[in-house]
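Each in structure tokens, the structures are laid out below.
Each of the next two complexes has chain A plus one other chain: chain B in the first, chain C in the second.
What follows is the complex of A and B.
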């Protein structure tokens, strides 16, 4: 069979959220949701079989990106990576997310790929996944007749698998407003921007002078899902940020990660760079590089 | 398979079409509308040969876009950039700077050049290179391509004065 060709499927284009949720209620796991399509169309061209594809393109009013100093950032399901790059609010208040979006894929892909799609794909390499895992936040999961808030810490359950139920649609990502003194950063190691990460890392810390608290560290491509780094977080939590504590945190990362060899890198190399990249990301966040 | 009645505006003309659910915008442009200027390279978003503009200046990969999701949208291909027989400054600059070798990547490159200059009329060389990421030239004539986009930006600034 020829590859890179889309085999037959039924396509539905609901024009309202309630229509979309009804389709999910009635067809459940038979439905493949498509937002920007930059992951799922590639997967379908590589043989992933979808019976019924539901495109979110015709859903009105889900392409917003709004920032409010008290309630924080809200990103609708159809908002693109390019919208993140274009937002001065994200650049200023959520550097980790802005830096991830800035180097994401290619200009054309940034125009179509969505932030929410990146999270729902559940790839351990997702760049927005790293940023959002570090910044903290939640997804509003809607189903016919109900909605729930899903904490980003509970989203990824296994490789490529999320806690989304078959009848649910993710409609909005929320990231809380940063308190004064909150810093964050994102770093990625690739060959060229267009490639997925060999390793990516995002950090978010509350700084009081040189003491850090509420430390959230996330790393990708080092486990079956995007992960937080609890051992390294414990080292930094409440401590004075200096080269000694940073070294300790970098060493502690080894306990948190379980990288493998794959087409983009090796377990050995990833173990070698993980601590260094964590350190550099913290330095970048605090601009002490 | 489902079929979808859509209206596409391509290079200024409106087309009422019935497209199959599994047809990409690239296939509809090339096979249904007989507009072969937009090229198929990889089919998976990596090479940029299939780049077209939506609503005037937003570049997308037509190989990863389902045609049925584009109802009512306005598409510009490389061939639609000329106006009244006059080449777009980006097209003219590609000729003037010999930025074309085999030409396969050229329609996508030109479209990306237009898109990047729309956002940033006065880009640095680094910004041009970043703006052209995702468009691969198999003949590797990147130096000429970057020069052409730079020259086009300057020509457009002069014309706008």
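What follows is the complex of A and C.
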């Protein structure tokens, strides 16, 4: 039930990164970081209470999206989903991310929501989460006095929970530059077009002729967090991509997933379509390549 | 858009004009600018000085429980709280939030078994979200904080989520007025044998070559009107109870409030604000009793009550879920020998319009086809679910989902084209309509079907999709229906209208008909302008004020244009006649010889140079100055006013059909609706764009009912999807390519030949979609809505085949 009560909180608008990190250092778990706010404001309307809200809007220079052929893609913490959609580089080199951004929510949401916020929300349904999990990459986590690179594979630890420490700010997402022959794709199933996924999937593979390697498959809404699909990856890794191996990979998905029933779909259905969607995503990746 | 104008305008009594000035034109809507600009004043926009905020304390712990103790002291102590109200602090009078009981005579209502068993705040919680107490505070926040501090002890009761569960012999009784929790079944006194229909059904089955039978479920769908319910009430210093609200039926709510609070209607004033959609969700009262009870507790101070969407979801009525059994018997040649059906409805926690739905569901069934014999029984049982009431179509979409699928199943077995079967067996002019009491007055269904079939390419596609391979399978389906224009002769029909000509011969039309977004104020104005012969800008409709407006039932049963429009037309005819009579005197001719031009000059048709200004006649009527030389009065005295209280003597049902083409992804169960073609036997389209708007909006809700919309419950009866995050309807980008065909075949009774279109658009997309999926997969889905989850499971269990 949503609430009309907005409890008192301190709103802080750091003007520099160091100021932001100091605020985090001093207040730790009392701080709620807000980027686009499209998750947080919804949560507050449903009763989530924050003591201190730190908005990133006044932080300079974090709304970049840069691509470099050798170092890859860098997405600042304030970069919006719309910026991803507008980037010809992303469309060309990271189809999975571009496709995820393209169908993401509505134009208003895409203008407001951030890619980094999507990752940090840690929802098993996050569309950019699936894409980034498949493409591989890392988040630069900054805290007062230090920074570390957090591999995307280590980000989500439980439902809605990430490996971010209370004093850390995610400042940048890095995705490596794709080698020649790298293909990727994203697909999702929803009840209506503008909806959260009832299942989403992203794939990224290194193709050498029809042989694939460095296979990364990610699926959402089939476990408490966004997950990789190790069994299916193992089937495809180093093998010839054909209808037979694809069928095998699709079948192997069953070992990787543990879906539940919720308002959007059922566990049984998710099991029923997981393999189909994995197959289609791989086909989509290869057809674009 | 395609529009058919195959029929010539037939002359309708009273109006003698060769060409219409505004009827049939897509005039600008009277409310469009303020709605688009955001300046329209909805109930939530009403803010009065010194206004307080009300909050209903609701039970979210249980769907069925008794309140053992209620302690409001902590709530009362919250700063800003002005008053806390328990059940004993407000009227103990029982009431019924629906207004349907008002529409039948007392003896009829008694025979139907209508009851009043609701209270402002209850000590017997009957659904998740039932209201148990009230808070009045200086802010919404304070009221909510106080509500959270109300200490309640509950005695949980068993939760009944199906008719079978609540009908069990040892079940807790919802009300002692309805033994066995049977809220309603067709009463013997009105429907002999407690059934509708005709002929010897059992015998007819024996002689049938094919008998098919199945049990269906149609879902609990929410209207999802854009504006959540909101109210302001004020018990003013003069002892008058005022309520600003957005009911579809302000005049009946007016009477209901007067009855509940035992005040003369003259001491109760109801103001209908701009209404942001109805679809039945505000057919009667929703939260009017609560907000007025609060206002009465704080005399002199206005109280606002607005609920978040999630609460509105639970407290305003939804469509009745229904378990619907049907058995059909056919002869080899397709002759429909017998139809036997029963619908059992999930009533929710309270009775409301309990007598109506189970009846009308059967009316739509008996009104559709020429079955040799037919028997229908209908009943409703209380369940621990949010209340059910009216929803666009009122049982018709339920019947459409079931009957139209069963017809297609029969046709498939008998190898008959479902389109041809429908053309052959649907009822026609002269056959008895839905109540089996009055005959159909006009019917252009064959034309609808022919044009629809052509537009979508029925014959080719139907043949092409009869055999397919691959994972994507297409299907095309058809469904037909008819509805009503007003509730005559089942229940009350009456609309009053007063037309007043102003001093400049512009007109004010006072009528209580509800503009709920359907466009009726625009079309009523067109009727008024056309009849009066005045430019559109010279006509203004005044509605929504219970002091100024006379009686009208409100917007339901697709009645507003048909009944309200005729009332407006008749009042305007009278006003025009009064005006022309004065002109005739001045021009020394007869009324029949006169006409009026766009400059409001009344002229003699045969010699247009003889004319008089309508404005002068009207001004003289009011001012009536004396000539200073002769002392003679100028013009005829008296402002021209006309009044009618109109009761229709027909209901001119519109017929309609929908064709739907789908593509089913057999690996995921997803349905892509490729195209939808609806054709309506509209009588006359007063405003074609508004008619199409109704058809498109109806299709959106019909597709939603067929494919995805349903309120879910957990085992404890808690609603789990009462928000737009969790309950999905089709958005603009989900809608298929859509063609609307208006077949104009003027009805002899409707105003300018018009029949209704308000509810109709929702009905046939439901059955047509199900039938398209049937052709695509060879599987019929008896449990609505037909979600990908159900389709995939059925394909796994049954495999694919073709119809």
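Throughout what follows, the second predicted complex is superposed on the first by the 283 of 289 C-alpha atoms of A that agree within 3 Å, B and C clash if a C-alpha of one lies under 4 Å from a C-alpha of the other, contacts with A are read in each partner's own complex, and residues count from 1 in each chain.
Convention: a residue touches a chain if its C-beta (ideal position, glycine included) is under 8 Å from a C-beta of that chain, and two chains touch if they have at least 3 such contacts.
Keep in mind it's a predicted model, so treat the numbers as computed, not measured.
Once chain A of one complex is fitted onto chain A of the other, the partner contacts of A:4 extend to both chain B and chain C. Contacts of A:189 after superposition: chain C is touched, whereas chain B is not reached.
In the superposition on chain A, A:136 contacts neither chain B nor chain C. Touch criterion met: A:276 reaches chain C, while chain B stays clear of it. In the superposed pair of complexes, A:37 makes contact with chain B only, with no contact to chain C.
Once the two complexes are laid over each other on the shared chain, residue contacts for A:14 go to neither chain B nor chain C. Once the two complexes are overlaid on the shared chain, A:265 sits against chain C while remaining clear of chain B. More residues of chain A are in touch with B than with the other of chain B and chain C. Residues 4, 6, 192-194 of chain A contact both chain B in one complex and chain C in the other. On the side of chain A, the complex with chain C involves touching residues 1-6, 189, 191-196, 263-266, 268-269, 272-273, 276-277. Across the interface of their complex, chain A is touched by residues 1-2, 4, 20-24, 42-46, 48, 51, 54, 58-61, 64-66, 68-69, 71, 112, 115-116, 130-131, 133-135 of chain B.
Within the complex formed with chain B, the residues of chain A that make contact are 4, 6-13, 34, 37-38, 41-42, 45, 53, 55, 57-58, 105-109, 111-112, 192-194. Residues of chain C that touch chain A in their complex: 60, 140-141, 144-145, 308-311, 667-670, 708, 712, 720-721, 723, 725-731, 733-734, 788-789, 792-793, 796.
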